[in-house]
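In what follows, chain A forms one complex with chain B and a second complex with chain C.
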Partner chain A sequence: MHPGVEGFMYPNEVELQWSILIVLYPYITGLVAGAFILASLERVFKVAAVKPTYRLALLTALAFLLVAPLPLQLHLGHPERSFEMYLTPNRSSAMAMFGFVYLWYLMVVLLLEIWLDYRADIVRMSQTTRGPVRWIYKVLTLGSQDISPEARKIDDTVGWIVTIIGIPSAFLLHGYVGFIFGSVKANAWWSTPLMPVVFLFSAMVSGIAAVMLLYMVVSRFQKQVVDMRCLDTIAKYLFYVFLIDFSLEMLDLIHRIYEADESFRTLDFMVQTRLYMSQVVIQICIGTVVPLALLGWTQVRRLSDGVRRAMYATAGVLTLIGIFAMRWNVVIGGQLFSKSYLGYTTYKLEFATREGLLPAIVLMILPLAILWVLLKLLPLSEKEAA
Partner chain B sequence: MDVSRREMLAGAAKFLVLGFAAEAAADVPLAAPAQLPAYDPSQHWWGMTIDIDLCIGCGNCVRACSAENGVPDGYFRTWVERYHVKSGDQEHPKVESPDGAIKGFPPSTETNEKAFYVPKLCNHCETSPCVQVCPVGATFESPDGVVLVDTTYCLGCRYCIQACPYGCRYIHPERHTVDKCSLCYHRITQGLTTACCEACPTGARKLADLKNPKDPVHAFLRDNKVQVLKPHMATRSKTFYKDLDGSVR
Partner chain C sequence: MAGGWRHARHLIVLALVVAAGLGAFLILRGAVVPAGFGKLGHYRAGAIDDNRRRPVSFAGQATCADCHDKQVEARSKGKHRIVSCEACHGPQARHADDPEKLKPVLPDTAILCRRCHEKDPAKPAHFPQVASTDHSGGAACNACHQPHAPKM
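Right after this comes the complex of A and B.
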C-alpha cells in the first residue's frame, strides 16, 4: 500500500498528474477575463462610474495574461515542444484549440485595445521624455505620430469595436478553460456542462475583486483619493456576479446530491474528508459566504466611507482566496479519487521543486511586478501622461 | 607427448562433431534468411480477449510486459486486480493489486466470498478519449487499430492521462513523455503475439485480429457472454472480457 492511499487506486493513478501550477493557470486566466469584462463595462455599457479603473483593469488583464502560459510551460514534460501546438494542432483537442483562443485574445483584443487607448499618450511621451525610455515610447508608437482629433476619433471607434469583439472573446477565453475540464468524461468531478459557465462567472468575480483591490492599493501608492462612487459601483457588480456564481455552484451541488449517480458516494466522502478544509471551510464559508455577507451588508445599510472601504477590502481579499480555493478544489480534487470510485490518494505539495509552492508564489508575484512596470510606462490618468 | 586413452577419444569426438558441423554449415546457402510476407496494416484490426475464469493471478503477464517493454518500476502497461465481492454487495467490492501483481498475489484470507482476477491493459478503444484530447496528435490510432504514442512528439502535458477512464497511462519518469501498452506493436507486426499473451500459462489473454476471418476471436465473441470495461464511457473498447462481473470497474 502506498502512503497516502486509502482503498483501491488503479496502480498508475497514485501519482497526481496536474499540480499547483495547473491550479494557477485557470486562476490567472480567470483574473484576466474578469478584469477585461470590468473594463468593457465602461467602454461599451457606458458605466461612467467605473471609468477610474478602466486603464488599470486593462493593464491588470495584460500583466496576468503575459504570465498565464508560464505555469503550463513549467509543468510540461517537454516545454521545448510546446510550439507544436500551433504548428501541428490536433483539431479535436480542446487544449490545442485553447492556444489559438489565447493568441487571439492577447494579440487581437488586449494589446490592440490598450495600444489604441494609450496611443496619444505614447506619442506625447515619445516627444517629451528623455533617455532610453524615450526609445521605448518611440517603438511603442509603431511609427504612427498622428494624434489629430480626427485620428483620435478613429482610434476611439476602432477601440470600441475591439471591445465589442473583446467581450465574447473574454467569455470564450475563460469559458474555454472550463471546457478543458468539463469535457473530460472520464472524470466525474469535472464532467459537467456547467463547468464552463461556473468558470466564467467565477472568473468575473475574481477579476472584479482583483481590480477593486488594486485600485485601492494603487490609489494609496499614488497618494490619490479613492473615488467612492467608483468603488461602490464595482462592489455592487461584484456582489451580483458573485451571487450568480454561487447560485450556479450550488445548483451543481444540489444536482449531484439529488441525482446521486455512481460517483456520488465517492465524491461526497472526498468533500467531507480530504477537501473539507479547502472546499467547505475556505471556498464556501470564508471565500464565498463571508464576502457575500459583507458586500450584501453594504448594499442595504448606510455606512461611512471608511467602513465601506474596509469592508470592500476584506471582501475582496476573501473573494480572491475563495476563488483560488475553487480552482484548487476543481484541479486537485478531481485527481484525489480513483476512477474506480474505490479509493483516494493524497497530493503532496513540495516547496522548492519545479512544480512546488515556491515557483507558484513567484508566478503569482510576477504579474504584479509586470503591472508595476506597466504602470510606470503607461500612466493611468491622461493628465499624468500629459 | 603423453596422451591418455580418455583424452584421445575425447579429442577424436570433438574432431568428428566439429567436422560435421563445418560441413553442415557449408551446405547452408549464403542467401538472406526467408522473409516474412510484408506486414500490411490495412489487413488487421487488433484487440484482445480475456477469459476471467482462466486467469489465476500469477502475474506472469505483468513481468513479461515489464521485461519486454522496459516498463519503469512502479508503473504498469498491464496489471492484474483481485476482486472479492460479498454476497449481494456488488457496489462495494474489495479490490487489490499489490505492485500491479508483478509478483502475483499473497494467498487470500477471505472465505465465502466471490473472488476472481481481472487483468487490465490499454483497451485500444476505437473512439479513444486519449486520442481525442492530445493537443499535438502524439497519441494516435494506427491503421490497424492500436493506440500508440509518438514519444518524439509528446509534450508531456498529461491531458491524455486525465482523459483515459481506465488508468492505463503514466508519465515515463526518465523520458517525461506519456507511456502505455502498445499491444507489443513491435512483435505483432512481425507475426508474433504480445509478451503478456505469450507468458500467460492458462491462455486467459489472447491477441485478437478482428479483421482476420480465421481468428478464434470470432468464435469467442459469438459463443460467450462478453463485456467491455465501463461500457457507459462509449469508447468502443477492443479488449473483450468473458464472464466479467458487474462489480468490476
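Right after this comes the complex of A and C.
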C-alpha cells in the first residue's frame, strides 16, 4: 500500500498534480478583483467615504496582478511555452484563454486607470524630481505635459469609462477562475455552477479585507491618522459582502447535503476527516464565523475608535486566513478523494522545492514588495506628489 | 472640438504606443507560428505528413496470418481471438519484411499474462484475473495454458 493512501485510488490520483501554487493563484487573483471592486465603489458608485483608499486599492490590485501568473509559471514544466497561448489562441479552452483575460485586465483596465488617475502627479514629478527616477516619470508622461483642467476632464471621463469596463472585467477575471474549477464535471467537489459566483464573492471579501488592512498599515508607516469614517464604511461593505459569500457557500453545502448524490458519502467523510482542520475549523469557524461576528458587533454596538480598529484588524487578518483556507480546500480537497469514491490520498507539502512552501511564501511577500516600490513611485495623496 | 483633441494628445500618443505594440506582436506572430497551423485543427497540418513519413512498426494482423496460419486457427477458437498478434508479440513490421533475418523473441508468459490478468479490484469482476503468486507461484503460464486458446 502506498503511504498516505487509504482505500482504493486510481494510480494517477495518488500524487496531487495541483500543488499549493495552484492554491495561491485563485487567492491572488481574488485579491486583485476584490481590491479593484473596492476602488470602483468610490469612482463609479460615488461612495465618497472610501476615497482615502482609492489609489491604494488600485496599486494593491496592480501589485498582486503582476504576481498572479508567477505561481502558474512555476507550476509549469515548460513555462516559456505559456506564451504560445497568445500566438495560437485556443478559443475552446477556458484555461488557455486566461492569457487574454489577464492581459485585458492588466493593460486595458488597471494600468490605464492608474495612469489616467496619476497623470497629473506624474507630469508634476517629472518636473520636480531629480536623477534616474525623473526619467521614469518622463517616459510615463508619454511626452505630454498637458495637465490643464480640460485635459484632466478628459482623463476623468476616460478613467470613468475604464472603471465601468473594469467592473465586469474584474468579475470576468475571478468568475473565470471559478468557472475553471466549476466546469470540471468529473470532479464532484468542484463541479457546481455556483463555483464562479462563490469565487467572485470570496474574491471581493478577500480584496476588501486586504485593502482595509493595508490602509491601516500604510497609514501607520506614513504616520497619518486613519480616517475612521473610511474604515467604518469599508468594514460595513466587507460585512455585507461576506454575509452574501457565506450564504452562498452554505447554500452550496446545504444543497449537497439535501441532494446527497452518489459522491456525498465520500465528500462528507473527507470533510469530517482530512479537511476537518482546514475546512471546518479554519475556513468556517475561525475564518468566517469569528470575523463575521466581529464585524457584525461593530455594526450594532457603539465602540471607541481604538476598539473598532482592533476589531477590524483582527477580522481582516482572520478573513484573509479564511479565504486562503477556502482556496486550499477547493484546490487540494478536490484532489484528495478517488474518482472511484472508494479511497483518499494525502497532500504532502514540500518546503524548498519548485512547488513547495518556500516559493509560496516568497510569492506572497513579492506583491507587498512591489506595492512598496509602487507607493514610492506613485504617492497616495496628491499633496505628497506636489 | 478641435480644442478638445488638442488636450487629448496624451491619449493619442498612448493609442499609437498600443498600436505599435500590437503591430510588433503581429510581426512576431507571423514569424514564429508555423505554416499550416490551424488549417485542420489546433495543430500544425504538416505534422500529419511528418508522422506519415515515420517508419511503420506494426505489420498488422493480416500480414501475420499470411505465414502463421496454425497459430491463427488455434487463436480463432479461444477467447483471445479478439486480441491481435502484435498486442503480445510486439511490433513485427521488420520481421515481416525479412522473416529469416529477424526472428522475434518469444514473450515470457510469467510476465506477459500478468499485464492483463493480475488481480486488481479496479478491473470488471467478469474479467478473468488471478493473484499470480497464489495461482501458480510465479510459474510460467504456458506450463498449463495454451496462450492462443487459454481455456483448459
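Simple rule for what comes next: the second predicted complex is superposed on the first by the 386 of 386 C-alpha atoms of A that agree within 3 Å, B and C clash if a C-alpha of one lies under 4 Å from a C-alpha of the other, contacts with A are read in each partner's own complex, and residues count from 1 in each chain.
Just so it is clear, a contact is a pair of C-beta atoms (placed from the backbone, for glycine too) under 8 Å apart; a residue touches a chain by one contact, two chains touch by 3 or more.
Bear in mind that the values here come from a model prediction, so they are computed numbers and not experimental data.
Superposition note: with chain A as the common reference, chain B and chain C are in steric clash. Look at A:Asp156: by the touch rule set out above, it reaches neither chain B nor chain C.
Of the two partner chains placed by superposition, chain B and chain C are both touched by A:Ser340. By the touch criterion stated above, A:Ala186 is placed in contact with chain B alone, chain C being left untouched. By the touch criterion defined above, A:Glu350 reaches neither chain B nor chain C.
When the two complexes are overlaid on their common chain A, residue A:Asp268 makes contact with neither chain B nor chain C.
Of the two partner chains placed by superposition, chain B and chain C are both touched by A:Asn90. Judged by the touch definition given at the top, the superposed model places A:Leu142 against chain C, while chain B stays out of reach. Applying the stated contact rule after C-alpha superposition, one finds that A:Arg119 touches chain C and leaves chain B untouched. Taking chain B and chain C in turn and counting the residues of chain A each one touches, the greater count comes from B.
For the superposition on chain A, the stretches of chain B under consideration are 22-30, 40-48, 76-84 or 220-228; the one running into chain C is 76-84.
Applying the stated touch rule to the two superposed structures, the overlap between the chain B and chain C interfaces on chain A comprises residues 8, 10, 88, 90, 92, 340. Residue ranges of chain C in contact with chain A, taken from their complex: 3-4, 7-11, 13-14, 17-18, 25, 28-29, 32-33, 37-38, 42, 121-122.
Every residue of chain A that touches chain B in the complex is listed here, in rising order: 8-13, 15, 17-18, 72, 75-79, 81-82, 84-85, 88-90, 92-96, 99, 180, 184-187, 334-335, 338-342. Note for the complex: chain B touches chain A at residues 75-76, 79, 81, 93-97, 99-100, 120, 129, 131-137, 153-159, 161-171, 175-177, 233, 249. Contacts from chain A toward chain C in the complex involve residues 8, 10, 86-88, 90, 92, 107, 115, 119, 141-144, 146, 148, 150-151, 154, 158, 340.
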